[in-house]
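Both of the next two complexes hold subunit A, though its partner changes from subunit B to subunit C.
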Partner chain A sequence: MIYQGKQKIWSDYQKDIPDDHWFYVRSCIRQSFFPASEKYFLKICRDLLGKDVYETEHHTTCGGIAYHSDTIPQETAMTIVARQFALMKEAGYKNLVTSCITSFGNYTEIIETWREFPELEAKIRENLWKACRREFDIPEYVAHASDLIFKFKDEIGSLAKYHLVDGVTGEPLRVVEHIGCHYSKMFPHKGFGGAEYPCVLSGMVESWGGHVIDYPERRHCCGFGFRQYLVKANRGYSVSNTHKKFESMEPYHPDMIITNCPGCPYFLDRWQYVISEMEGKTYGQNGYGIPVFTYEEVAGLVLGFDPWDLGLQIHQVAVEPLLEKIGIPYDPKKKYLGLDGKEIMKPGLPTVLKCC
Partner chain B sequence: MDFGFSISPSSTINLDKVDFTLYDRLCEIEPDAKKCMACGSCSATCTAGPWTGMSVRKVILGIQRGKESEAEKMLKGCMLCGKCTMVCPRGINTRHLILSLCRIYGEGER
Partner chain C sequence: MGKFYDELCKDYRFKEGLKTCINCGTCTAICPAAEFYRYDPRKIVDTVQRKDDAAIEALLKSETIWYCGECMSCVTRCPRKNGPGLVIMALRNLSIKLGYFTESEKGRQVYPLTKALNGNVLNYGYCVHPATFAYSDHPEAGPVFEWVLNNKEDVYGRLGANYQGKGPGVLRHIPQEDLDELKAIYDVSGGTERLELVEKYSRAKAEEMGMSIEEYTAYTFNHISPGHFNNEQ
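For the complex of A and B:
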């Protein structure tokens, strides 16, 4: 009976995700930071899982960055979002899937606001009509792209060529999972596991053979925090946040970090270089950093895609030691070759952080 | 390398590493120190507080967290008027507690 009780409580933390037919909206910044992640999300969903995921070149930013940076009012963000919903309606879709955590939070916040204040929704409908003669329907379902990968994690696991295990010892890799703040801290019931037990990434890691590390600052912000980074005078707060997280996870010797937000992998990756230059400290083994991945990159590695096709050469922290640990083959000569086979520019080497 | 910004010192307090000698000594002399629920009534009524930064609540909290030098600095602002004792809902003789703390700090100096 107690087990049933626990099972019932846990069911409150779950959410049902529609199986198919999604309207996909991209992130503003991910294609610069982690250029192959969105491409491989679509490739995995469409080619491997056979799902219908539609995207249009006409969609824009959701306004989330400007809204959270206090540069536009929420009504402006709402009208931008209303236009995305109008595009979705025109394409004949009812389920929205977002690449970005902040977009997910923004869409969810706006829909919840309209539910509380219907007069505001009416005003936005009027704004949109005046601006571009469009009408919208509120999506039946809003999901983050990591929700879909979580839903199909076992299917991906069954197609896996590699697992998150040490290729020599067979021990599971020690993985830190970092969930973007706007995933379930704003609206806990919208995320798998709520705000207390968010399992969207830990579920993937465990399904693909890794071991999730629990550490004191596990749910701490990555450090981006919008104005913390965007205003240079505040940037010390941003790097201090990240420093706090790394100091907290260091004793647990993580092999890698997996994230589901555009900002988190960028800051957890790039700030390792900045911290190494400021304090002379690195957090990985033998002077390397801890490699940071998006969940699409990890799914791509598990499925056996080429690491350089997944864009891992764009990372600040070298991924080669981890690839060797898992036993994933890679060609160092192809690391900085573009799609046309010509060499792209090589980055300069940091003074402290070891890179390949 | 100068990035134009820097890492702020951590404000994390590791209670496993805090030296509780002073707090234990205080509780020995003033067992009522354990009764404090940090409501802040003492600080709210403190005449010296707005001008000197004195706060009995912060002094007790500081000693519990190993911030002894900060607590000592605050104690120097106390005028021993006793208003804090009159408002304490737990009936702690805060004036006497402050005097005892000054005595403990005095012992350290000797």
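For the complex of A and C:
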């Protein structure tokens, strides 16, 4: 196909990703803070879309957080990643899909660095052999898990029980999307839409009936900053950046926020709680916050899975007002049940931020 | 050419991150850290490319190289394809190798970070893990996450995790042979050497500051002195 004019320009912002057969690697943060999101990503891909997504118990972190907190040398991070690639090769896969944006950036950076400096790749091969007696192939394709949901967004939309619309008025919900810095700021051509027009989330939102809000600080970092959150003394940086985003989006009255990176939904959710405690300010209606979701949670809601099976009870910002606006049923009595329906103690309540 | 500049040139991130800076300041304009901290990536990159040993040494001992959040927003926007965030990573790496990181308050935070993150990697297979995520260190996690941490088996189990179980799944137990491979990777790739180096320099600094290593860990994790932020007098 010969692309011309605007079609050619836009082709630079697209990427073709393989249809099937993926080697899956988990995320340090997503599995700790949004465990059901990883479960439902696999369920949607395997059970609803019929895709082959393989996981081995032997894989580990990519080391990305330790690397970007400057606590391990680059060679250590590269050799950990080389081991992941070796496990993929041993399992017979060529496409790697990762649950984490920092991992996605890390894998991409490493492959690109090896391409430019082949002597470094040779050194890492030697390291891996010495340490683990393993050999690796570079993946033919590295995707972030949201890339697969984006690719199949219309199939998911065709199975939808609910849409991102107000159940009473039929108006589209007003949705803020937050991409996460390491998805496409370092290597723009690796993300859907690049760094200028990232559409991995906006594509999902529009396919499922919502309206994407554009606002001044749309591309600003959530404020994680690795050491700037992980060290308690530095968290002023983290909350200040989140505060800047919320002040910027507030006039547009968002109904919800959808996120790409595992860390961003944690910070955008929890810092709303902290801002409410520090300043008495809330950003949603009637004393509530603006609910923040992972893309797997939004896909799960659209597909009609139970909100508490999706893990929405472990968000600090209450999701019930949004569920009611869409018309998604939920049972408040089941919100804080433990394993097998066991009654366990309920969480405490914030001082200011209204919760259900 | 200065000896510190020569050392930086050995770092692949430096090779990737410093082409020719034209001092336009776009990186500073887009930088989330510069918005709040007394931090100017333009000045840092310019200092480095002047190859002045004394100026680079001052940077390696400074607070300023520790303000970056490594979001890499600067990489997207630099009109000359520099990566100021990558230059920062190379400066931090050299600061740690030379032991200069203990000369600044923000640099000394390398110690609690190194202990916590690599402890998790080597013991649990992941950089972050609920087993070591203490609510007392993370009150911002909110009452809902305090509840999660107090009911880990129930809540993670309810949400489909294989919490510390065998086989694949969310938060599974990582087999010992895999943790042993991670340790072996640290041993051959400079990771173990780095941990020992950070331990050695941090213990020496703790002694100089009249603290036990436990006091030093808590102090570097919790304490912030005035003077880091733009809005301070």
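In this section, the second predicted complex is superposed on the first by the 349 of 356 C-alpha atoms of A that agree within 3 Å, B and C clash if a C-alpha of one lies under 4 Å from a C-alpha of the other, contacts with A are read in each partner's own complex, and residues count from 1 in each chain.
In the analysis below, a residue touches a chain if its C-beta (ideal position, glycine included) is under 8 Å from a C-beta of that chain, and two chains touch if they have at least 3 such contacts.
Fair warning: this is a prediction, and the values are worked out from it, not measured in the lab.
S.K.: Which partner does A:327 contact after superposing on A: first (subunit B), second (subunit C), both, neither?
M.R.: In the superposition, A:327 contacts neither subunit B nor subunit C.
S.K.: Should A:274 be classified as contacting the first partner (subunit B), the second (subunit C), both, or neither?
M.R.: Both: A:274 reaches subunit B and subunit C.
S.K.: Looking at the overlay, does A:244 come into contact with subunit B only (first), subunit C only (second), both, or neither?
M.R.: Both partners.
S.K.: Looking at subunit A, which partner touches more of its residues: subunit C or subunit B?
M.R.: The partner with more contacted residues on subunit A is C.
S.K.: Across the two complexes, what residues of subunit A are contacted by subunit B and by subunit C?
M.R.: Of subunit A, residues 232-233, 235-237, 239-240, 244, 274 contact subunit B in one complex and subunit C in the other.
S.K.: Enumerate the contact residues on subunit B facing subunit A in the complex.
M.R.: 1, 3-8, 10, 12
S.K.: Which of the residues in subunit A come into contact with subunit C in the complex?
M.R.: Those residues of subunit A that touch subunit C are 26, 28-29, 31-33, 35-36, 38-39, 55-58, 60-61, 63-66, 68-76, 78-80, 83, 105, 113, 116-117, 120, 127-128, 130-132, 181-182, 185-186, 188, 195, 219-221, 223-228, 230-237, 239-241, 244, 270-271, 273-274, 309, 311, 313-316, 336-339, 342, 344-350.
S.K.: Any idea which subunit A residues touch subunit B in the complex?
M.R.: Against subunit B, subunit A makes touches at 232-233, 235-237, 239-240, 243-244, 247, 274-275, 277-279, 351.
S.K.: Touching subunit A in the complex: which residues of subunit C?
M.R.: Where subunit C meets subunit A, its residues are 11-13, 15-16, 32-33, 35-37, 66-73, 75-76, 83, 89, 92-93, 96, 106, 109-110, 112-114, 116-118, 120-121, 125-130, 133, 137, 140-148, 150-151, 153-161, 166-172, 174-175, 178, 181-182, 184-191, 194, 198, 220-224, 229.
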